[in-house]
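Next come two complexes, and both contain subunit A; in the first it sits with subunit B, in the second with subunit C.
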Partner chain A sequence: MTEKEQTGLGGTFGSKTKGSQIGYGHPHSKSLLDSAAEVIGQSELGRKHLKLVDTKKIPVQVIKGLGQSGFSPELMMIYMQAPGNMSKASGSFILNYIKALNEAAQELAGFRTPDPRKDIMAYASFIHGRNLDSITEVCKVVKELTNAGHFQDLLDSLTEMGLIGVYKAYIDGKSRDELYEQYASAYDASRGRR
Partner chain B sequence: MNWQRLDRESTLKTIDSVKSASDAGLFSPTTSEVQRARLSFYEGIDLYKLTNFASLPSFTFEYLGDGVFFQYLDGTEMPIYTTNDKGRLTLNDRSVVDYLEFFFSHVIAEEEETCFIHSAHDMPLLDSLDEDSIDAITKNHNAPTVQYDAGFDKFTVDADLYSDGLLIRATIEVTASGRVVVQNRRMIVNALAQSPGSGIMV
Partner chain C sequence: MSFMSSTHQLTMQVEGDVNMIADIGSFAAAAVHPTMVKPAAPTNEATLKFLNNIDAKPSVGPSQSL
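Take a look at the complex of A and B:
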């Protein structure tokens, strides 16, 4: 691969950038997914999700970058993002992967994402409900990993992602409404940061 | 960041320039928008953000570009340095601080996210800390200071950084070509460890 293809520079700014010149694929994709699966697989629930996605052959693609990760219902594909120089799954990568696995599992279970162009309110309501379910699922997996070596990393990442309130509410056995309050405040805070 | 949404024609042109043939769905023109923000330290180079709203969370991709040529910001320093080497970087006592703020928000070094703290209120998750921690951070925070060394044509910036739950004071060297080296770090406040709200994790 030439420098031009790797960087999307248009080489020396001397020719127009074409999308195909930008290499979005992550160079350590396999290592990132393997190391994440190694941690997630220590949880019974995590193993279930990994197996389901594997059985149903949901593609997982890791791309370079700092944007959000998640499951694309439109493309029926999981997209994970990680900085181009990251070679081993970080805590936030693992948490996002669990969340994306659960989103894919829900879609496969028949909870289809509505078309946002038809009814934006129904879409928003569905997506926020799914987000909360997936984050709750992340909390369940993290709880199952309490005695694992990565537990502290995962808690730190939940804090960095603004989701420690949801986790605490989950651990305290709070109701779905109370979990939703924590989720909503985390969502508002993340919008504020952007 | 002061984002300006591009009109439809410019949006389509930008998407056409940056889209990946193998992941065309990620760059769908019907569900995506492109925004642009000016950067004080570049002449003729802006920050572009492409957002695909087809899913939530929305997929976002950021680029440095002049409207025709784009560098994808992949979380490493390489695309920023490559852009700098095109001769469009103009650093001065003021813009070097903006540059560092931009740099640390787009580069993850050693797999550790680092936030450049311009003002104490910039600190991530400040709202989740208790009053004593917020007070300690505010009291201990110092605004960035800049020194220019004309002999070596480089800037030395003393500034607060937030990394791994720690507020640290760092000396950062920035060359005229925008190369960034953090020379030393001194811990100021272990912010999260002081927060009762984080008792679950410390």
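Take a look at the complex of A and C:
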């Protein structure tokens, strides 16, 4: 992937700024994405997701910050956020990247995000379903990395993110409904941490 | 970092352009608890099929070979 593809919006979010532009671009974006891809690429399912970026030309923008990462269906773009001093992908960065890749894959596979103005409940149903499915795919990739060097780090990150219950339920072969219960609990925990 | 917030909110942060879709979208994701809705039908199988065929070239019609 070239630097141009990574930044997607060119200079607007790049590390070099002019005039009133704000320097959102992460100084280590290439290193972060490369190190994340190195880990994800050790999983067969992970490699399939990584291929999406090159084959479908999904731009990936890494910005400095502590906020949310994910796929923007409006802009058809993946945004990743990381602290400015992070130069190598952390466990949570890796997990968020897998999730964002899967969200993009879902959208491209035809599961288009509905307009929230038309039906908020339908939109919420879609978003929670998408979250659940992408988290499940994250769990699959982590499971495939059981014997990889980063496995414990990824498990620790799942715990920090409140998602270890979903992972355990997935490993135990629980149904989608049961995974959704774990997801709902994680949702509460996540909101409680803010 | 959390998995739970809508990416619409992120779009708003990055763009600095609070449009109506983003506003309602992030409100919906934040306000509607997962227990208040059933999740949409599973997407994993179809998404995996899409990923498996990502390299496949679209069909251009019947084969010309004899």
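As a convention for this text, the second predicted complex is superposed on the first by the 173 of 194 C-alpha atoms of A that agree within 3 Å, B and C clash if a C-alpha of one lies under 4 Å from a C-alpha of the other, contacts with A are read in each partner's own complex, and residues count from 1 in each chain.
Heads up, the rule we're going with is that a contact is a pair of C-beta atoms (placed from the backbone, for glycine too) under 8 Å apart; a residue touches a chain by one contact, two chains touch by 3 or more.
Computed from a prediction, not measured in an experiment: that's the story for all the values here.
Asks: Is A:I63 contacted by the first partner subunit B, the second partner subunit C, both or neither?
Replies: A:I63 contacts both subunit B and subunit C.
Asks: Would you check which partner chain A:L155 touches, where first means subunit B only, second means subunit C only, and both and neither mean what they say?
Replies: In the superposition, A:L155 contacts subunit B only.
Asks: Check the residue A:S31 against both partner chains and state whether it touches subunit B (first), subunit C (second), both, or neither.
Replies: In the superposed model, A:S31 contacts neither subunit B nor subunit C.
Asks: Looking at A:S125 after the superposition, I want to know if it touches subunit B, subunit C, both of them or none. Which is it: first, second, both, neither?
Replies: So A:S125 only meets subunit C here.
Asks: Between subunit B and subunit C, point out the one touching more subunit A residues.
Replies: Counted on subunit A, the partner with more touching residues turns out to be C.
Asks: Could you say whether A:E74 touches subunit B, subunit C, both of them, or neither, answering first, second, both or neither?
Replies: After superposing on A, A:E74 lies in contact with both subunit B and subunit C.
Asks: First (subunit B), second (subunit C), both or neither: which does A:Y183 touch?
Replies: Touch status of A:Y183: second partner only.
Asks: Between subunit B and subunit C, whom does A:P116 touch in the aligned arrangement: first, second, both, or neither?
Replies: both
Asks: Do subunit B and subunit C touch any of the same residues on subunit A, and if so, which?
Replies: 13, 24, 61, 63, 65-75, 79, 81, 116, 127-128, 131, 162, 193
Asks: In their complex, what parts of subunit B are in touch with subunit A?
Replies: Against subunit A, subunit B makes touches at 15-23, 25-28, 31, 53-63, 65-66, 68-76, 78-79, 82, 86, 106-108, 111, 113, 124-125, 127-128, 164-165, 192, 197-198, 200-201.
Asks: Subunit B touches which residues of subunit A in the complex?
Replies: Against subunit B, subunit A makes touches at 7-10, 12-13, 16-20, 22, 24-25, 61, 63-75, 77, 79, 81-86, 88, 90, 113, 116, 127-128, 131, 152, 155-156, 159-160, 162, 164-165, 167-168, 171, 189, 193.
Asks: Can you tell me which positions in subunit C touch subunit A when the two form their complex?
Replies: 1-11, 13-14, 20-22, 24-25, 27-29, 31-44, 46-52, 54-55
Asks: Applying the document's contact rule, which stretches of subunit A touch subunit C when the two form their complex?
Replies: Spelled out, the residues of subunit A in touch with subunit C are 13, 24, 45, 48-49, 51-52, 55-56, 61, 63, 65-75, 79, 81, 92-93, 95-96, 99, 102-103, 105-106, 108-111, 115-117, 120-121, 123-137, 161-163, 176, 180, 183-184, 186-187, 190-191, 193-194.
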